[in-house]
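Attaching a single structure in structure tokens format; questions to follow.
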Amino acid sequence: MRNVTLSVKGLKKRIGKREIIKGIDFELNEGEVFGFLGPNGAGKTTTIRMLVGLIKPTSGSIQICGYDVRQDFTKAMQHLGCIVENPELYPFLNGWDNLLHFARMLPDVDESRINEVVELVGLQSRIYDKVKTYSLGMRQRLGIAQAMLNRPKVLVLDEPTNGLDPAGIREMREFIRKLADEEGMSVLVSSHLLSEIQLLCDRVAIIKSGEIIQTDTVESLLTTQERLIWRVWPLEKGKEILSSFTEITVDQDNIITAFNEHETPKWNAALNEAGVKVYEMNRKLPGLEELFLQITGGGGAGIE
Amino acid sequence: MNNLIQNEMMKLLAKKRLVIIGIIVGVLVLMFTYAQYKQVKEQQEKLGTDDWRAALQQQIIDTQNRLGSNRMLDEWREQLQVSLKQQQYYLDHDINPSEPGATTFTRMFLENAIDLFIPLLVMIVASDMVSFENSQGTIKLLLTRPVNRWKILMSKYVTLLLSVSIIVAMTALLSYFLSGLVFGYHGWEAPVITGFGLNGSDVDVSQVRIVEQWRFLLMDMGLVWLVAVVVGTLSFMLSVLVRSTPAGMGIMLAALISGAILNNMVSSWESAKYFFMVNLKLTTYVSGTAPPIEGMTLLSSVITLLVWWALALIVSFTVFTRRDVY
Amino acid sequence: MSKTKVLAVTVVSVVIGLFFLFCLGWAIIDYYGKKASDIGLNETNPIEKNLPEDFTVVALGDSLTRGTGDETGKGYVGLVVEDLESKYNSKPLIHNLGINGQVSQELVQQVKQTEVKRQLHTADVILITIGGNDLFQQGQTLFDYDLTATSELQENYLENLNTIFKEINNVNDKAAILLIGLYNPFIELDEDFDTNRIVRDWNNETAEVVALYKNAIFVPTFDLFQLSVNDYLYSDKFHPNKAGYRLIADRVAPLIQWEDEK
């Protein structure tokens, strides 16, 4: 069992009479990338802001490396790095001064550490330029450098790939994975790109209307929905045989069934016996997108 | 804390606000210097002499003639009578109330700038102090550092106090050095009369005494600084409460201008003396001009300002440390 | 942005801030503390102090000296100065100390003031208009004609006039003093010539006082306004208009001798 770095219990937020967050519980382990998904207005942003101490929860507790965010704010924050929404830095300062600014707010962060994080995000050549001359990708990198200054145990990234080009997105993804795998950081990522989450995260929490509907590893979430695609001839006979075992759907010339590791050889043997030629058997994982729509019930709400 | 103040100072300097303020002050001082120079020249031409006594005598005569007009508000008449008596007192004791020179110019400039110009300059810095972090979005980074919120606000407030000090010092130095180009850098030792007691239109001269101008100037600067700090703190509070800089500025500007207007017409509305903006002209007590509302004294004004100051600080800190940031 | 620069500005501003705090404390303590009036005021007599050696005209008196009624604001004093200027091609120095509504008693006070004395001291010519407000008191006296009251007014006035001349001679007995006589602004309203008689009498008595001082001249204006008073009066029917002032100036200017420049 790996160490728990971030634990959230019974988190609630009420604004006026409206309960926006209705009780959220989850835990982050060391070296894990955790995805946070939900449609607009589901309470994603509010939850993240409660995690980083910008919003005070009405009830519930948040612990970062064992320190309560409300009781031990400064200690908890020492183990947290974050980018909330866009990496907002001071455009009138250069990159290095921006890092210096935030380094001064942390205990025991000296200039060699600043140089280290600059190298880590590969901004050496432009670090003495004013931030207002940076591209969005560079700002994003500077934002991450800033979040890395205190060697956090927990990194909270709100939309980390927002506004990046495809190459940048890939780079970012690899970078985040590297942080989790090599540095043992826990990373909490929220993204509106579901494919991103799918590629990046170990576990996903799906949140809707202020509640977490489901938390699981990406694989297990997906495998329950895994499909097997058959291309057989003759089609009619194949349909007849397969439907005797399980539910089928037909998509043009293909037959689609659920994937069941133990049953599939049997179905295949039955087809062979009946003289149906099996040209192709193809396992297919559904997109998280489909899954998400299934789980949240579509609900008309757009996906953030 | 020192680190935090260094941070705020770094941002303040990088924003170059102080440079802009310096330029504004410089341009204004040059304009006033030129205007003053023109005025002096014209007066000399009219009188045919540069003798200040003759000029002052003529001012007294002019004031007397204005007092002779019966279409004058009682309140103005009272103020004119007070200044008339003071002018006469200066003349009788052979003291030039406006000894030419950069020192006098600086004193006059500060005395006239105390209720509007200096507060405006301070506002440029103060109203932006917190709200720019909001509009820039950097407040989110600032408040997720392992530093308590009150410390962050305190570092900002201390930086504000420091920049207010710089602004007041800069205004004084610029007006001294720029006006000195025209009027010469003298007048430090010139005598200034202080301690006029006012009682309606009566001027009590029993406690009058002479102060060297440099002392008087320093006292003026202390009072200007207090006003600047109080106005700065109020703008600071607005900067915390109203998250957009222009809105905060607008509110403060409205208050200051209404104060300038109220000063001319509140004499009958006595409770107006609890407004901070009516109490800004602290230097008038020292130089002995009639306050806008009868019964106001230096002490009452200073206390009123300090109460506003304390309330503004309490509100700022309470709101800032408790507020949710969206 | 260099760290040292930021640090330097911080340190400097801290020093400035503390200094201002000290100044503030000082200002308040000084204001309330030192109540003892240790005045080191100059009581020296500044009369002799440097006024230029130019030809100097000092004008004393009431609204006529001020020039009330003349829309150009010059009054007879301004016109006289203009005449002198064109005659001698040099501008005389002029101190116009006229105050609207001034009566003789107030003028007595005025000529006792240090600065006024100093200006009188340097004067070459002193022009005075006084008595109009004593006599007419906004026109009341003449209509509520009362012989005893008027003669009492006249007595006080003559006494004041004496004092004024003495005070002036105390500081300057070389300057020519020109006292402008009264005209009768009510001459057309008056059918039995009562006011004429009073004004004439007043002028005569004034002239008698003036005659006591050898450097003083009484300049009559009664005759100037006698025949067509309305042509020369301002719309308030009391002060002269521009033309009226011109008449007075034409009579005054030739009397002034600018000897220094000749």
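So that you can tell them apart, the chains are marked A, B and C in the order they are listed, and the count of residues begins at 1 in each.
Rule of thumb we're sticking to: a residue touches a chain if its C-beta (ideal position, glycine included) is under 8 Å from a C-beta of that chain, and two chains touch if they have at least 3 such contacts.
Note that the structure is a prediction, hence the values are computed from the model and not measured.
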Core chain by centroid distance, with centroids computed from Cα atoms only: B
Chain whose average C-alpha position is farthest from chain A's own: C
Chain centre separation (chain B, chain C; CA means) in Å: 38
Inter-centroid spacing, chain B versus chain A (mean Cα positions, whole Å): 56
Computed distance of Cα centres, chain C from chain A, in Å: 93
Contacts with 2+ other chains: residues of chain B: 6, 10, 14
Multi-chain contact sites of chain A, meaning residues that touch two or more partners: 93, 97, 100
Two or more partner chains touched - positions in chain C: 1, 3
Touch list for chain B against partner chain C, complex: 5-6, 9-10, 13-14, 47-49, 51, 53-54, 56-58, 61, 64-65, 68-69, 88, 91-95, 161-166, 168-169, 195, 206-210, 218-223, 225-226, 285-286, 298-299, 302
List of chain C residues in touch with chain B within their complex: 1, 3, 5-7, 9-10, 12-14, 16-17, 20-28, 30-32, 34-35, 37-44, 46, 49-52, 54, 66, 91-101, 113-116, 118-119
Interface residues, chain A side, partner chain B - complex: 49, 52-56, 73-78, 80, 82, 84-86, 88-93, 97, 100-102, 104-107, 146, 150
Complex contacts: residues of chain B adjacent to chain A: 3-4, 6-7, 10-11, 14-15, 136-138, 140-148, 322, 324-326
